[in-house]
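You will see two complexes here that share chain A, one where it goes with chain B and one where it goes with chain C.
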Partner chain A sequence: MRNKIRNFLNNGDLGRFRFWLQLSLFILFVYGGYAAINMGDSLPTFSCTYVDGKPGTCFLVPLQHRMVTTPEKLFSYAGMAILTGLFYFTLWFLVFNKAWCGYACPLGAIQDWITALRKKLGMQYVTYSWEQFKVLKKIKYILLLLLIFIPMGIGSGIFSYDMGVPFCMICPARTILPIFSGDFSQLTIDFSSKTKMIMTSLGMLITGIFLVGAFVKKRFFCFFCPMSALHYLLSKPALLKLKKDGSKCTKCGDCYSVCDMQIKEIADDVESRNILQDDCIMCFKCVAACPEEGALEVDFMGQPVFEATVQGYIKRMEKANKNG
Partner chain B sequence: MINMPIYRAVLSVLFGVLLASNLPASQTYWLSDIAPTREQAEKMRSSHGGMVIRGQQGHSKKLWLRKGDSIADSTYVEQSDLPLVLVSPEASQAELAFSNEGYADITFKMQHEGYYNLFMIDKRVEDGVLQETVLKNESLSHSCRAGHDHVKELVPPLYFEGVSFDIIRERLPRESFHLRLGSGDIITYKVMLNGKPVSGAAVTMSTQKGWAKTLKTDSDGRASFEMIRDYYPPWHEFNKRNMETFLIIAEYESDESGVYQGESYDRVHYKATSAGNYYPSARDYKSYTYGLLIGLFGLTVSIFFIYFHRKRAAKLYREKRFA
Partner chain C sequence: MDNELQAEKKSVPFNRTHQAIEAERMLRRIKDDFSDNPDAMDYFYDLYEQVYCKGESLHKEEKVVGTMCVQVPEELIYAAGGVPVRLCNGFYTDDQVGAEFMPAKSCSLVKATLGMLDKGSTLPFVDKVENIILPATCDQKRKAGAMISEMGYEVYDMEVPPVKESEEARLYWRRSVHNFAVSLKKITGKKITKANLKDALAKVAAAQKAYRTLHVLRKESPSIFLGKDAFMVTNAYFFDKIENWTAAVNRLNAELEQRKEKKITAAQRRAPRILFTGSPAIFPNLKLPVLIEESGGVIVADETCSSNRMLYDMVAVDEYNTENMVASIADNYLKPCTCPIFTRNDDRKRKLLNMAKDFAVDGVVYQSFSGCQVYQMEHSSIAKALQAEGIPMLFVESDYSPDDMGQLSTRIEAFIESLKAKRRRKR
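So, the complex of A and B:
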């Protein structure tokens, strides 16, 4: 019985499963609030607060909001509020790890759909060189630091209140996701102050770049996403794991070639057991593409749930070839 | 230095006036959250829905009793003995009294999320007419720290059975605790008499700068005002948080007769007042055109960047190959 279930999972069509799960979760995170679903305000994914029907709120909002405080308060009740938020964020995150990005994030889904459109149009995609990759991957950590320190600067009077929620102002989720509930009001430039004008202009500029970027580069934005940076700081103890058995790996590079995030280690690293890298979105396309029995596996609380198998690999290959 | 309370007590005895211990029908009284002095104003901070005194466990609201038909000409009443009723968002009621320390003002703590409704009710027979006056203030208590999802059900207004004559601001479709009423918004008041909407009541809205308009309520008891735009500063001085007050006065006459506290009457004159705040409309400072232009700019520049980048990469490749 156990083996049957295992075979069923390992032979499964991950792509299709992922598409439908992403679509369902997109509906949940954009319209769930209309069904009175309430998941709190510490979600580890872009359940954007600017979306009317959100079922809960992206953790980056309370984080940025609560950081607007003086250092004294930060070490008393304001700090407590931040820690409570972080606690719930961690609880959500510990279960699914970065699979929040691969399966749940509505902005992630949009990028995948734009990629699907590009594929349909038969256009070539872009990859970064290794040098570019090393520099660019640091940006998300810088953004994470900024979204914590700018609000603290507001609290200490260095920046104006118009600098509030600075990351949200440049986040493409803010401009794009509300459109799905017919709200276009985030596509405006706010001329009420110079700060607002600059921040909203940056937001629209980044929206434009995002659309083109996502078209030519898979998961273009995820590479710069501070949520992903925050994830990685907590991902070691999470229950869902991506594991590699280096002794079974032939370094064929199949996993690397399907990886949207261009993670080299997935093929190159034959030492680490826990192979999760900071940019990984836990889409598990690498596991589905791996032809070596047991070289890559997805693990939940020590139990393998999806494993690279020869049989599964062949099945998926045949299907892919049939579909052209 | 003159001791104010004693000074006033002496004055009262001298002139035989108890300053506003009752509300003469010919005058309009209302509750305002705008401080009378600069010193007092400096203690107030703007929060969701108006001015508050900030506190760690919920803010406090401070209101002053004012007299006058228009905001600009209204004076601050110094003393009043009339009781007040505070209804919390949880519908618990408390009796309060003005402090009368310099001004007839009242401060109350808002510990819960939602609307606090303060009522001051005065009933008196004057020249055979029962004068029933209700002063109302609706104050929002909200902290973003408390989150936003569970408070949605607290947005609708309160229908309070303790008052016979009430004016209720109907919520806008987009209303949330973050709403700022703005120029261009349609602000609707519903006038209720003994729990039922009353048609034909006169409702006057007047703004801080003196614009005023009077409407009669329709068959549903509603009067709707399109908030005017009366803020035109130069661009560099524009402040989207520029808050101004508007005053609502509703009046209605009925020929009920009866006896109140031993005095008979053959008519009732109802009057209710309430104040609100409004801000510049977002349409005054938000532009879709520029938004879309900048978005398109980002889009075009990225397309060109990628196009030339690819072209260059392709050339390099060829050069290497046929070198």
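So, the complex of A and C:
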């Protein structure tokens, strides 16, 4: 019985499973609120607070709000509020790890749909060179630091209150996701103050870059996402894990070929057991494309839930060759 | 070649040439010295007979593209409408002819390939080969290119990076493969398109799937399939029509599946299980594998470019457009390649250790052709890696000449005996 279930999972069509799960979770994170679902305000994904029907709020929103405080308060009650938020965030996160990115994030889903559209049009995608990759991957950490320090700067009077929730102002989720509930109001430039004008203009600009970027580069935005950076800092103890057995790896590079995030370590690193990298979105396409028995596997609390097998690999590849 | 010699060659029917006799002798040994060969092996025995003993051409209507190493992406050749035929040759007769091109202490395989190409007219299956793709792998193959050009063939020098771990190497090789894909149009007259490349990928993947199934069946203990036959199967992939080959391997797999159920074994329960590595065993130079199995061992797996390295690693593609397919193919021909021409051999060590574990191997036989410096130079590091895991290894330096048979059989027998003794001690 156990083996039967395992075979069923390992032979499964991961792409299809992922598509439907992403679509369902997209509906949840954009319309769930209308069904009176409340998931709190510490979600580790872009359940955007500007969306009318949100079932909960992206953790980056309360984080930026609560950081607007003075250092004295930060080390007393304000600090407590941040820590409680972080606690709930961590709880959510620890269960699914970065699979929040690959399966749950509504902005991630939109990028995958844009990719599907490009694929339909038969257009080639672009990739970064290794040099570009190494520089660009640092941006998400810089954004994470900024979204913590700018609010602290506001609290200390260095920046104006118009700089509030600075990351949300430039986040494409704020401008794009509300559209799905018919709200186009975020697609405007706020002229009420100079700061607001600059921030909202920047937001509009980044939205444009996002749409073009996602069209030419797979998961374009995830590369710069500060949520992804925050995830990675907490990912070590998470229950869902991406594991590699380097002794079984032939370095054939199939996993790297299918990786949306251009993660080289997945193919080249034969030492690490926990192969999760900071850019990983845990979509597990690599596991589906690995032809070595057990070289890559997805574990939940030490139990393998999806493992690389020759049989599963061949099934999926034959199907992909037929449909692709 | 002087005209007199050429005239004489033409007048001798192929089945009476030295090559045909050499092939015949090995084929008999492989077929008749072993009892109870799988019925599905007849396809392969007949194929060798047809090609090497009778000299019949297999690809009369096709554009044959000769390849000189395992690094040539065959998917691209199929896509461009050609048929890749691997020219690496195993005939001692050709080795002697080829000796005039190379220094005395050179690799038999390279000399035999040169000898085969030089004779031109008596080539069995490659009678129409004009174009030869030569990846710049080892020194001897590299230098053979100019000589082959002089014989009148069109040689395409395919650049291979000497280091394979770096990003530079990946990009360099991807460019090299891309250029090759473009150049193929000049060779076959057909452009590679998305559709024909996809078909080619599927064709090769089907062959690899059949190979993988066979590979897994060889894990059975006691063994249900002998290594000498496995080498015949994979070696046939060098020149056979790919669809026929795949169908024949699938039939063989089905028969082995039945034998497994009926518990018909190919070797004794206590036969030492051997992993074969190093210089490739290419028909009719199968003397070492045959000796191993005549001495009571059984080859359960191999790590050579005439077999596992050629067929094992499969290409996965994310988006089926030409550029991605070519890039994925390129990576697959470089990154997992355990050819000793590259600077490091960590991948080879890892692969051998993993195979030894996976196939419950008792010992490793490492064949190195005399004159194959790269395999000789990797000898000590491989020996050390295996020793650390307690796996005995026999290093055999040999060439295509039959002179060392007596000495070899003594060494092989002693090695097999020592493995048996070790097994007994363990129990």
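Operating definition for what follows: the second predicted complex is superposed on the first by the 323 of 324 C-alpha atoms of A that agree within 3 Å, B and C clash if a C-alpha of one lies under 4 Å from a C-alpha of the other, contacts with A are read in each partner's own complex, and residues count from 1 in each chain.
Quick note on the criterion: contacts are C-beta pairs under 8 Å (C-beta built on N, C-alpha and C of every residue); 3 or more make two chains touch, one makes a residue touch a chain.
Since we're looking at a predicted model, the values are computed, not measured.
Does the chain A-based superposition show chain B and chain C clashing or fitting?
fit
Check whether A:N321 is in contact with chain B, with chain C, with both or with neither, and answer first, second, both or neither.
So A:N321 only meets chain C here.
Quick test of understanding: once the structures are aligned on A, what is the angle at the Cα centre of chain A formed with chain B and chain C, as a multiple of 10 degrees?
The three centres form an angle at chain A of 170 degrees.
Return first, second, both or neither, reflecting whether A:F87 touches chain B, chain C, both chains, or no partner chain.
neither
So, does A:A267 touch the first partner chain B, the second partner chain C, both, or neither?
The second partner, chain C, only.
Between chain B (first) and chain C (second), which, if any, makes contact with A:K251: first, second, both or neither?
Only chain C is touched by A:K251; chain B is not.
Just chain B (first), just chain C (second), both, or neither: which does A:L211 touch?
Once the two structures are laid over each other on A, A:L211 reaches chain B alone.
In the overlay, answer first, second, both or neither for which of chain B and chain C A:D41 touches.
first
Output check: A:F75 vs chain B and chain C. Expected answer is one of first, second, both, neither. What do you get?
neither
Could you say whether A:K285 touches chain B, chain C, both of them, or neither, answering first, second, both or neither?
second
Between chain B (first) and chain C (second), which does A:W20 come into contact with in this model arrangement: first, second, both, or neither?
It touches nothing on chain B or chain C.
Which value in Å is the smallest Cα separation between chain B and chain C when the structures are fitted on chain A?
Checking C-alpha atoms only, chain B sits 7 Å from chain C at its nearest point.
Please identify the positions on chain A that touch both chain B and chain C, taking each partner from its own complex.
124
Could you list, by residue number, the parts of chain A that touch chain B in their complex?
Residue list for chain A touching chain B: 33, 38, 40-41, 49, 56-57, 62, 65-66, 77, 81, 124, 126, 175, 184-185, 187-193, 200-201, 204-209, 211-213, 216.
Write out the stretch or stretches of chain B touching chain A in their complex.
On the chain B side, the touching residues are 56, 144-145, 147-150, 235, 238-240, 282, 285-288, 290-292, 294-303, 306, 310.
For a test of understanding, state which residues of chain C touch chain A in their complex under the given definition.
Per the touch definition, chain C meets chain A at residues 165, 167, 194, 198, 201-202, 205, 209, 212, 216, 312-321, 323-324, 327-328, 331-332, 335-336, 347, 350-351, 353-354.
Within their complex, state which residues of chain A touch chain C.
Residues in contact with chain C: 119, 122-125, 130, 246-258, 264, 267-268, 270, 285, 289, 291, 310, 313-314, 317-318, 320-321, 324.
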